[in-house]
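Should a chain be cited, it is by its letter among A, B, C and D, assigned in written order, with residues numbered from 1 in that chain.
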Amino acid sequence: MSSATAATDLRSQQAYVAAQAADARVNVELDTGDMTLNIGPQHPATHGTLRIACQLDGEQVISAEPLMGYMHRGYEKLCEVRTYPQCTTLINRIDWLGSFANEVPFILAAEQLMGVEAPPRAQWIRTILFELSRIANVSLFLGDMGVQVGALTPVFFAFRDRERVLNQIEEVTGGRFHPNFDRIGGLKDDIPRGWIAETHAVMAKMRGFCDEMEDLLMGNEIFQTRCRSVGVIPGDVALSYGLSGANLRASGVDWDLRRDANPGLAWDQVDWRVWTHPDGDSFARYWVRLQETREATKIVDQLLDGIPSGPIMAKVPRIIKVPAGEAYVSTENPLGEMGYYVVSKGGLGPFRVKIRTPSFSNISVVPWVMRGTYVPDIITILGSLYFILGDIDR
Amino acid sequence: MPQLPGLLKGLGVTARTAMRTLFPKRGMRTLIPAPQQGSVTVQYPHEKEAPPDRARGVIALHEENCTACMLCSRSCPDWCIYIEGHKVKAPPRRAGGAVRTVNVVDRFDIDYALCMYCGICVEVCPFDALFWTPEYEYSEPHIADLLHDRIRLSEWMETVPEFLDYEPGSEQKVRKVPEFGTDDFAPARKLESDGARGLASGAGS
Amino acid sequence: MADDTGDEQPGDEAREALAAELSELLGDAVVESHVEAGQNLWLRVDIELWRAVMAALRDAGFAYFGFLSAIDWTDAPEGRYEDTEFDAAGVGEEDDEASSATAEETVRRGGGETRFQLLAQLHSPARQAAVLIKADVPEAASSDGSSAPASVPSIIDVFTGADWHEREAHEMFGLVFDGHPNLAPIYLPTEFEGHPLRKDFPLLARAVKPWPGVVDIEEIPPELEAQLEAEVMAEFEASGAGA
Amino acid sequence: MTDLLGLAYWAETSIKLGVALIVIPTAALMLGYLFLLKMMAFMQSRLGPQDVGPYGTLQLIADAVKFLQKEDIHPAAADRRVFRAAPVVVLASSFLLFVVLPTGPDAVVENLDTGIFYAMAVSSLSVLGVLMAGWASANKYALLGGLRAAGQLIAYELPLILAVMGVVIQADSLNLQEIVRAQAEGEIFGFGLIGNPFILTQFIGFLIFMISAQAELTQTPFDMPVAETELVGGFHVEYTGFRFLLFFMAEVATAFAFSALATVMFLGGWWIPGFDFNAPALNVLGPVVMLVKILVVAFIIFWIRFTYPRLREDQLQKFAWKVLIPLSLANIVVTGIFKVVL
């Protein structure tokens, strides 16, 4: 072998070693074989059918690649063959834990195209139901995060107290999970008598639930040891990956579509604040969501006291035809920015609907953030990024 | 590493919940364990949950009102409503009127295996023939059995609750559920007994 | 300038000003811009400069990546897979001027002629503003004679988050992103053929089942009509109701 | 050991064996029902099982019957012999623990002079079974779980044994009966009515013992080998039917045995204040007292299990080596000094 080839070999070998070290942030001097571990598609932590293909060195992650599509339902295509009212039925099932919040941006986009605006009473009730679905959705996260790190009890508390919120949603809309209550130009129905007082009581209970979660889980030193400085996402990375919602705010970016780009709902009528956390780690994401749930109960309380009287439906034709045009409306959903790019050619149904779902972007940061962590951290990070599978796969 | 307060607080929360579940009673009877009242779960087959009146459990059909206009079938996103009907001649409503031509439903099937419970059909019905009821116990061991016909759908009319009042400030009008059970669930036969004539009955075929 | 942090919904002036500013910043790259009052700002840019535009916008403060997708503007040959009778009935019943005037016309925000349009959205958290960027994707003749969309520059080195969005656009529309290291399908099985979100891709779910909305009411045979009518009337009068 | 009823060796042994065979599943059932099913349910605002037997008392028996009916599945690539042996090894380890547990002056299966030493040795056998299960399952999750268990063993046997050392020094014996006697006959500053339960003098030892026992039992916060949400059950992920049942029984029975060990070493064992140490009545009352104390200790074990999240393996190692082991060594030194000085 000539010396030239030997030098090239050595150089390529060195380059390989350097690349490995840089890539995995692990010590490659130890001669340990890599192991491929498939987390999912049926794994308790992926709540749904997400699959994460991990390359492991011992328990350390060299690379993690989410593979999805097990639940792809093609909603963008299906919406093209449905009328606008029929679309909301599908849209309900994108983020199935906060269904009502899914409907709102789509309806708002259609309203923008039609030049219709819902009456104030409808806007207020919309906002209330929107925040209720946020509470229902995020409270489940608050408990589920406990299960991800091994605590059994919080998730039962979450299911227990979320049920109260779902009951309130069901009493108005008739559907616990899939309200299908929002209509172009307003709402399907008004709120039943006695509902406001009941909801106030439930909000008080939910604040109690948040306190409980703080004592039981967030204040727990073991939980903090597990979550602090695990899965740190700096602000600029979060922006570049298009993270949204609490994941973005936990990275210190002060951005909330409810405040910064309110598409016309009643959030600007009440007093509330946006919570951010500078750390960007899993604990920060939990912390921000807990504070947001508390804030949401306050928003609901204030809104309940100020619902204006009036009709709940604007004048819209019985058969809805949307004028040609394009509109994009996004709202701050429980999981993050949910937006609909609706293209109409003037028919009964949309010509094209692009659904910008928060979880899709949120989970795309996984390969970046999981490098160099440990197997238990995969679960912590996945849990704290908080995705709904229907929201990734649509 | 671990400091006591957070860990102890957590233990406190679980212990408190256990106590609340075991001893939910207040006052003199505090120390009588009554987990049945303290727990939040429902022991399903033994006790039943009562969904709210607006709950979208199943769709009931008020057959007398149905004119087989196909609006519900067309607006269904899943194409799960199948309607067939025939025309009959019905006597005039009052003296001196002309003979009416009325649609009678022969088949009104909803495939609950496909239904997404969106409620669009109930909403578009212009004749108050479809209603939601909170009934939920109609599961079947075979998926094909979830296709329910008009007889079954009409039976559910019994369980339709009255529409609720609205909160003050609302301008909505409270709707009324039509009276049920004027006849033996068979409006077509009722029309016949009233003197209607059509293909399926009387002179035809 | 969109310097209205207190205002949740920047008015038209803000968007117009932003459009002017961005047009100036991007120079020739901007083909057309469109502002919809109180809604959104569209910029249509030159596809050749797609990556450069994205980089320039990122450096100008639009560093928050929203989404990337595409639109196929051809009409679906199969229509809406629904009985057109229903559509026609709807127009007839309502019969207001809006519905009849807007029948199947195309209004493209920001203009454009090509079949495929690339679409992306960027936010600027500092300015509380968003911009939708479009680019026409020209058709290029492929080797087998059929025309396919020309390849598009990838922007994953500008916005890392565009990675998955480009993969999705690739499998759904068949757009090819130059410079993307791994255009593997993200949702569909590896062996899947076709690009589902193209309009000429048939949706089987609607094709295999007949539409149940076809009117299926059996008419009374005309020859029996008079007889039945007489029978009914006779019975009605006989029952005493006529008295 | 005194000859209880003057029986022949074989008769005595078979009686003891019979009692042990009844006691161990009963203990597992009792703990399982009381804590795993009912207490957990109450802590989570639920009712727990209700249908099988009064208040669901027979639920676990129904579960056992269900497990027995299930198909016995081996993974195709499994090392069959090891795979089958693993649950037996784990269960045997907890069976052997019961041998030395004293419940009365004569009510003990075998009163070994090195009882505590034997108990410690035997209890670490279970990890061998866990490792076997993890390795033989030919499953990556199981392997990770098994390796974690092995790592945990090294980290936690040490503080466990060192915590026991304090008690041994204070009682001057490795014999469990003698440890009970030392507590019964001890005095607190001349006040000897309740004896001297070592929890008072060896409180740090007690804490370390309980923490280590939690790890030994793979209960939360140290249940990394099982870790349902990460490893989907860890070492027993591939087990079904009665082999899984064996793991489950062993887990609960070992919890019972460790609660009993803690009772014997720190809470005064079976002795009741006011009784003579060798009073025959204690052969009947002792087990009852013992059971109550065991339930209290087990309650704490399970209470912690239902409340806490789990640590990460490296964090656990750090905690063991940096906190527990130095602390237990200091405890031994202090105990030794007091022993010599007083």
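Keep this in mind: contacts are C-beta pairs under 8 Å (C-beta built on N, C-alpha and C of every residue); 3 or more make two chains touch, one makes a residue touch a chain.
Model, not experiment: these values are computed from the prediction.
A.B. asks: Please state, in steps, how far subunit D lies from subunit A along the shortest route of touching chains.
C.D. replies: The least step count works out to 1.
A.B. asks: Just to be sure I understand the contacts, which chains border both subunit B and subunit A?
C.D. replies: Neighbours common to subunit A and subunit B are C, D.
A.B. asks: Any idea whether B-D or B-C has more C-beta pairs in contact?
C.D. replies: Most contacts of the two pairs: B-C.
A.B. asks: Going by C-alpha centroids, which chain is farthest from subunit A? Tell me that one.
C.D. replies: The chain lying farthest from subunit A is D.
A.B. asks: Give, as an integer number of Å, the spacing between the C-alpha centres of subunit D and subunit C.
C.D. replies: 65
A.B. asks: Per the centroid of Cα atoms for each chain, what is the distance between subunit B and subunit D, given in Å?
C.D. replies: 55
A.B. asks: Suppose each chain is reduced to the average of its Cα coordinates; what separation in Å results between subunit B and subunit C?
C.D. replies: 36
A.B. asks: Just the number, please: Cα centre separation of subunit A and subunit C in whole Å.
C.D. replies: So the centroids are 24 Å from each other.
A.B. asks: For subunit C, jot down the residues that touch at least 2 other chains.
C.D. replies: 86
A.B. asks: If a residue has to touch 2 or more other chains to count, which residues of subunit B qualify?
C.D. replies: Within subunit B, residues 1-2, 7, 10, 13-14, 17, 40 contact more than one other chain.
A.B. asks: What positions in subunit D touch 2 or more of the other chains?
C.D. replies: Residues 43-46, 306-308.
A.B. asks: Quick one: label the inter-chain contact graph as line, ring, star, complete or other.
C.D. replies: Looks like something else, not a line, ring, star or complete graph.
A.B. asks: Report the complete set of touching chain pairs.
C.D. replies: A-B, A-C, A-D, B-C, B-D
A.B. asks: Please output the residues of subunit A touching subunit B within their complex, sorted ascending.
C.D. replies: It is residues 82-83, 85-86, 88-90, 92, 121, 153, 157, 160, 163, 167, 170-176, 178, 180, 188-196, 212, 215-217, 219-222, 224-225, 307-312 of subunit A that touch subunit B.
A.B. asks: For a test of understanding, state which residues of subunit D touch subunit A in their complex under the given definition.
C.D. replies: 40, 43-46, 140-141, 144, 220-221, 223-224, 227-232, 305-315
A.B. asks: Write out the stretch or stretches of subunit B touching subunit D in their complex.
C.D. replies: Within the complex, subunit B contacts subunit D at residues 1-2, 7, 10-11, 13-15, 17-18, 20-22, 35-36, 38-41, 43.
A.B. asks: Taking the touch rule as given, give the residues of subunit C at its contact with subunit A in the complex, in rising order.
C.D. replies: Touch list, subunit C to subunit A: 8-9, 36, 39-40, 42, 63-67, 69, 71-72, 75-76, 80-82, 86-87, 90-91, 93-94, 96, 98-99, 102-109, 119, 121, 123, 125, 128, 130, 132, 159-161, 163-164, 172, 185-189, 196-197, 201, 203, 205-206.
A.B. asks: If we count contacts the way the header does, which residues on subunit B are in touch with subunit C in the complex?
C.D. replies: 68, 70, 73-74, 76, 79-92, 95-96, 99, 101, 103, 106, 195-199, 202-204
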